[in-house]
Amino acid sequence: MKDHGPERVLRRSRPEGTRVKLSGVEVGGPGFVVMAGPCAVEGAEQTELAAAAVRHAGAHVLRGGVFKPRTSPYAFQGMGEPGLRILVEAGRRHGLPVIAEVMDASQIPLMAESVDVLQVGARNMQNFSLLRALSRLRRPVLLKRGLSATVQEWLLAAEYLLDGGNEEVILCERGVRTFEPDTRNTLDLSAVALVKERSHLPVIVDPSHATGDQRLVVPMSLAAAAAGADGLLIEVHPWPEKALCDGHQALTPDMFHDLMKKLPAVLAAVDRHLWKPSGVPQPMLGGAR
Amino acid sequence: MKDHGPERVLRRSRPEGTRVKLSGVEVGGPGFVVMAGPCAVEGAEQTELAAAAVRHAGAHVLRGGVFKPRTSPYAFQGMGEPGLRILVEAGRRHGLPVIAEVMDASQIPLMAESVDVLQVGARNMQNFSLLRALSRLRRPVLLKRGLSATVQEWLLAAEYLLDGGNEEVILCERGVRTFEPDTRNTLDLSAVALVKERSHLPVIVDPSHATGDQRLVVPMSLAAAAAGADGLLIEVHPWPEKALCDGHQALTPDMFHDLMKKLPAVLAAVDRHLWKPSGVPQPMLGGAR
Amino acid sequence: MKDHGPERVLRRSRPEGTRVKLSGVEVGGPGFVVMAGPCAVEGAEQTELAAAAVRHAGAHVLRGGVFKPRTSPYAFQGMGEPGLRILVEAGRRHGLPVIAEVMDASQIPLMAESVDVLQVGARNMQNFSLLRALSRLRRPVLLKRGLSATVQEWLLAAEYLLDGGNEEVILCERGVRTFEPDTRNTLDLSAVALVKERSHLPVIVDPSHATGDQRLVVPMSLAAAAAGADGLLIEVHPWPEKALCDGHQALTPDMFHDLMKKLPAVLAAVDRHLWKPSGVPQPMLGGAR
Amino acid sequence: MKDHGPERVLRRSRPEGTRVKLSGVEVGGPGFVVMAGPCAVEGAEQTELAAAAVRHAGAHVLRGGVFKPRTSPYAFQGMGEPGLRILVEAGRRHGLPVIAEVMDASQIPLMAESVDVLQVGARNMQNFSLLRALSRLRRPVLLKRGLSATVQEWLLAAEYLLDGGNEEVILCERGVRTFEPDTRNTLDLSAVALVKERSHLPVIVDPSHATGDQRLVVPMSLAAAAAGADGLLIEVHPWPEKALCDGHQALTPDMFHDLMKKLPAVLAAVDRHLWKPSGVPQPMLGGAR
C-alpha cells in the first residue's frame, strides 16, 4: 500500500478543492447540496409525489433507485428501465437533476444519457471493472464508501476514476459496518472531516442508509453539516410504511421539510449555506435549468 | 438479554430528562457543558496553564487524569495522589468543578472527597464491581462507553448505577473500535442521538479519544453539538508536543479558544446554548471569570 | 431479510450435500481438495515452477490470478489474457484443473472456455450483476465470502447463483475484516462449521488471504481441516520474496510440501482424507484427466 | 505503543516456553489440558453431576463461575461464596483442580485460598488495578482476551502480570466481537497461532463463549487443537436447557464425552496428546492428587 498510495485525489494536487457541476448545481463549493427522493422508484405516482415534496422543501437533486442491489434474490430488484424513465421525467418536471445507481458497465450507456450523476453503491466500491469503465465517462460519479472500506481504500477507489480521466467525483459516506446492532451501520463523520483534510474531492453524507432509522436522520444530517460535509443524500418517501425497500429509514415529506428548515442555521454556523443558483432568484431554479 | 433489559435508565421512567449537577454546573438541561483539560496531570505548571486557558476560553469543568489506565505497564501511569491535589487546587483557583477517572473501588473514598465527578473509563464500563461500588455513592458519575460496547450494554452498565441508587449519571460517547486505522476510534454520533431517544440520561462526547487527531477535534465537536449531545469532554494541553500521554490528540489553548467561539452558533441552531449559571451574571462564576 | 431468506442453499433442500466436480476432482465429498498456486501469474517460468511444485506435493487444482482486483490503480493488475494462457497450459502439463478469478461479466466467455472453476473474489461477493451472469453458466463457481459479509449474506449471494440455475457452487471463507492489525484479516472458522450446518454446499478455506502471514498458513490449514472444511485454497510461490503480489503470505514449495504431509493425519482424525481419484492410483491423476 | 511494547512475555525472553502447573496438571507442555464444567455454579447437585461427568470423560480441571459478570444487573449474578464452597468440594471429590473467575481485587484473598487458577474475564482484561493485584500473587492466572483487544494489547495485559512478578500466566482466546450476528463472537484461532509465535506463554481456547452455540463447540475444539492451542476451556452442564446462564452454548455430558474421544487423534496429528500425569497411570489421577 505504501508504494501505491493515492496521488490525484490528494488535496495537494488541487488545493483549492474540486467543484462538481450537476446540470447547474455545484457540489463542493460554499453551497451545501441536498439530494433527496425515494430509495427505489416504485411507480409514477410515488415518484411524482416524492419529487414534488423534495423540490418544494428545497432539495437540489432528485435521487431514486431503478436497478437495486439487494442482499436477497427474492427481494424487490427495482423497476429497471421503465423506472428510469419515470425518475427522469419527474426530475424534469420539477427542474431537478437526477442521480441513480449504476450496477455494472453494461448499464452505463443507458444511464449516462438519462441521469446527471451515476452512483456507485457501497457494495461496488471496489468493483474495479466498473470504476475503470466510469473513469472513461464524462459524467459526474458519486462514489459511496464500502461497508468496511478504510478511508485509504475509499480514496484509492476514487483514484481509479481520476486516473482514468474522470475528475467529476463526489464521495459519499454512508456508514460502516460495526458490531452495533441497533443502528443499520455506524455513520463515520470523522471520516468526512479526514477526507476533507486529505482530498480535494467533495464529500456528502447519506444518513438514511447509515442509521436505517427515520428518527436519527435529522440529527445526523445536522451533524454532517456541522462536520463539514458538502451535502446530503436522503431518502424521502410519500408513504414510508408502504415502501418496497427500506421504508423504516425514509423521511416523510413533512419530516424532510422540517430538516430543510433546520439546516440553514447549522450551515451558517460553519460559514456555509444551502446551495442556490448564483445571480438567479431561488424560485426560478426549475425554470432556469 | 430480552428478559434483562434496562428499566430505570429508559426515557419513559423520567420523560422530562435527568439534569446532573456538578457543584453548580448543570448537565442535561438546555445549557451545553464543556469539560476540558489535560489527558494527564503532569505537573503543577502544566495543569495551571491548562486550567487557566480552558477557564479563559469558557470551559465549565476541568478534566485531568491522575490514575491513568495504560495499555502498557511501561507507559506513564499518572501522578496519582499528588496529581490529584494539583488538579483540585487548579480547579479551585479557577472556579471550575473537577472531573477525574477512578480505576477501582479502593480509590473511591479519596476521589469522592476531592473531585466533583468520578469518571469510569471505557475499559471499565463493564467492571461491575466498580459500578456497584459507585452506585452506592452520592456523587455524579460519568460513564464512558466501552470500546466495543453496544448501546444496549452501555445503558445496562448505567442501569447498574441507577439500580444501586445513584441517579447522577452522565454518559460519554468516546468512539468505538472498528477496522479503520486512520482514526484512533470511530466516533459514533448516531449512538448519541439514539441514547437521547431511549434514555433520560445526559450524554456528552469525547472527540479527543474518539479521533486521536487534533485536526478532527473541532469538526467533531461541532458535529456532536448539532447531533444533540449535552456537552463535550476535550483534551487541552499547553504544549501538546511534549505531553506524556496522547499529545497528538490534545488541542492547544488557541485551538480550544477557537472551538469555544464556534460552538455558540451551532448550539443556537439546535436551540441550545453554552451553559451559564442562571440568575447570576456570568463573570461571577469563578470570581475571576 | 426475514421474508427474503435463503432457500435453495439450505441443507434441508439437499440433505445429502452437494458435490461439485472440477474436471474429475470432486469437492464436497469425503475427499479433501487442495487448490494451490501463485497469487498472480507473473510469467511462464514462475507459473511452471509453482505448478510443478504443487502437483508434486499432491495438490489437486492449480490456482493463479490473471485479472487482479487491486486496491490501488498503481499496483500490478495481472497479466490478463496472456497470463490466462500460461496458467491453463501449466495446468494441462501437470494434469491439474485450473481456477482463476473473474472480475466482471464481460470476462465470462473467455474464462469459461479456459478454466475449470471461476472464482468470485471477496470484493465482488455482492456484485449481483456478475452473480446473475454466472448463474446462467454451466461451470463451477467458487464464491468467496465478502470482507465484512455475514454468513446470511454469503448464503444469499450463493442463492443468486442457485436461483439462476447454477448449482455447482463452492463457498470459500477467506477471513473477515476486524480491528486486529497483526493479521491481514481474521479467519472465521466458526463460519465454516456454521455453513456446514446450514447449507449443503461445500466450503473451503483460504488461509493465505485470511492471515496474510506465511507463518500462520500451516496451523490455520490444519485447523480448517479439523473444523470440517472441504478443502483449501493456498498461495504457493517459487520465490515469495520476489512476488509481485502478496509475497509475505505465500508458502514456498518446501513449506507447502510440509503442509501436505501434515494434512492426512488431521483429516483422518475427522474421518476425511486427501481427495484421490476413485479406483485410479494417485500417480495416474494427470493422465486420467 | 512502539516505545512501550511487551518484553517479558515475548518468546525470546524464554524460548523453551512456559509451563504452568495447576496442582499437578501442567499447561504449556506437550500435554493438552481440558478444563470443563458449568458456566455458573447453580447448586450442589448440578455441580456434582457436572464434575462427575467431566472427570469421567477425562477432563483435567473443573471450571465454574461463582461471581458472574453479567451485562444486566437483573441477570443471575452467581452464588458467590457458597457457590465457591460447592465448586471446591466437587473438585476435591473428583480429584480435579479448580478454576473460577475473580472480578476484583477484594475477592483475591478468598479465591486464592480456594481455587487453583484465578480467571480474569474478557471484560476485565484491561482492569489494570486487578492485574496489578494479581501480579503480586503466587497463583496461576488465566487471562482471557478482551472482546475487542488486539493481540498486542492482550500481550501487554499479560505483561502487567509478569512485570509485577507473577509468571504463572495462561492466555485464553474466547472470540472477538465482530459484525457477525449468527455466532456470539468470532473465534480468532489465528491469534492463537500468532501468540504461540510471539510469546512463551501457554494459550488455551474457550469455544463455548466464542461461538455461543452448542453445535459449533466440537468442531471449534478440534480446530483449536489442530491450530496449536495448549488446551480448552469448555462449558458442560448436566441440563443445558435449564441453565441459569448461557445454556445454549453448554455441552451435555454426552456431547463432551464424544468430544474427548475425538480429541486424541487430532492431537496426535500435531504431535500432542491429552495431558496425563507422568509416570502415573491415568486412572490414578484423582487419587494421586
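The first chain written gets the first letter, and so on, giving A, B, C and D; residue counts start at 1 in each chain.
Convention: contacts are C-beta pairs under 8 Å (C-beta built on N, C-alpha and C of every residue); 3 or more make two chains touch, one makes a residue touch a chain.
These numbers come from a predicted model, not from an experiment.
Student: How would the chain A/chain B interface be labelled, same or different, where same requires over half of its residue numbers to be shared?
Tutor: The interface of chain A with chain B is built from mostly shared positions.
Student: Between A-D, B-C or A-C, which repeats the contact pattern of B-D in over half of its pairs?
Tutor: Repeat of the B-D interface: A-C.
Student: How far is the middle of chain C from the middle of chain D, if each middle is the mean of its Cα atoms, in Å?
Tutor: The answer is 35 Å.
Student: Quick one: chain A and chain D, Cα centre-to-centre, how many Å?
Tutor: 49
Student: For chain B, write out the residues touching at least two other chains, lowest number first.
Tutor: As it turns out, chain B has residues touching two or more other chains at 148, 177-179, 181.
Student: Which of line, ring, star, complete and other names the graph you get from chains that touch?
Tutor: complete
Student: Once bound in the complex, which stretches of chain C touch chain D?
Tutor: My answer: residues 148, 150-152, 176, 178-183, 186-194, 196-197, 210-211, 213, 215-216, 219-220, 222-228, 262, 265-266, 268-270.
Student: Can you name the residues of chain B that touch chain C in the complex?
Tutor: Against chain C, chain B makes touches at 148, 177-179, 181.
Student: Which bits of chain D are touching chain B when the two form their complex?
Tutor: Those in contact with chain B are residues 1, 3-7, 69-75, 103-106, 123-124, 126-130, 147-148, 153, 156, 159-160, 163-164, 177.
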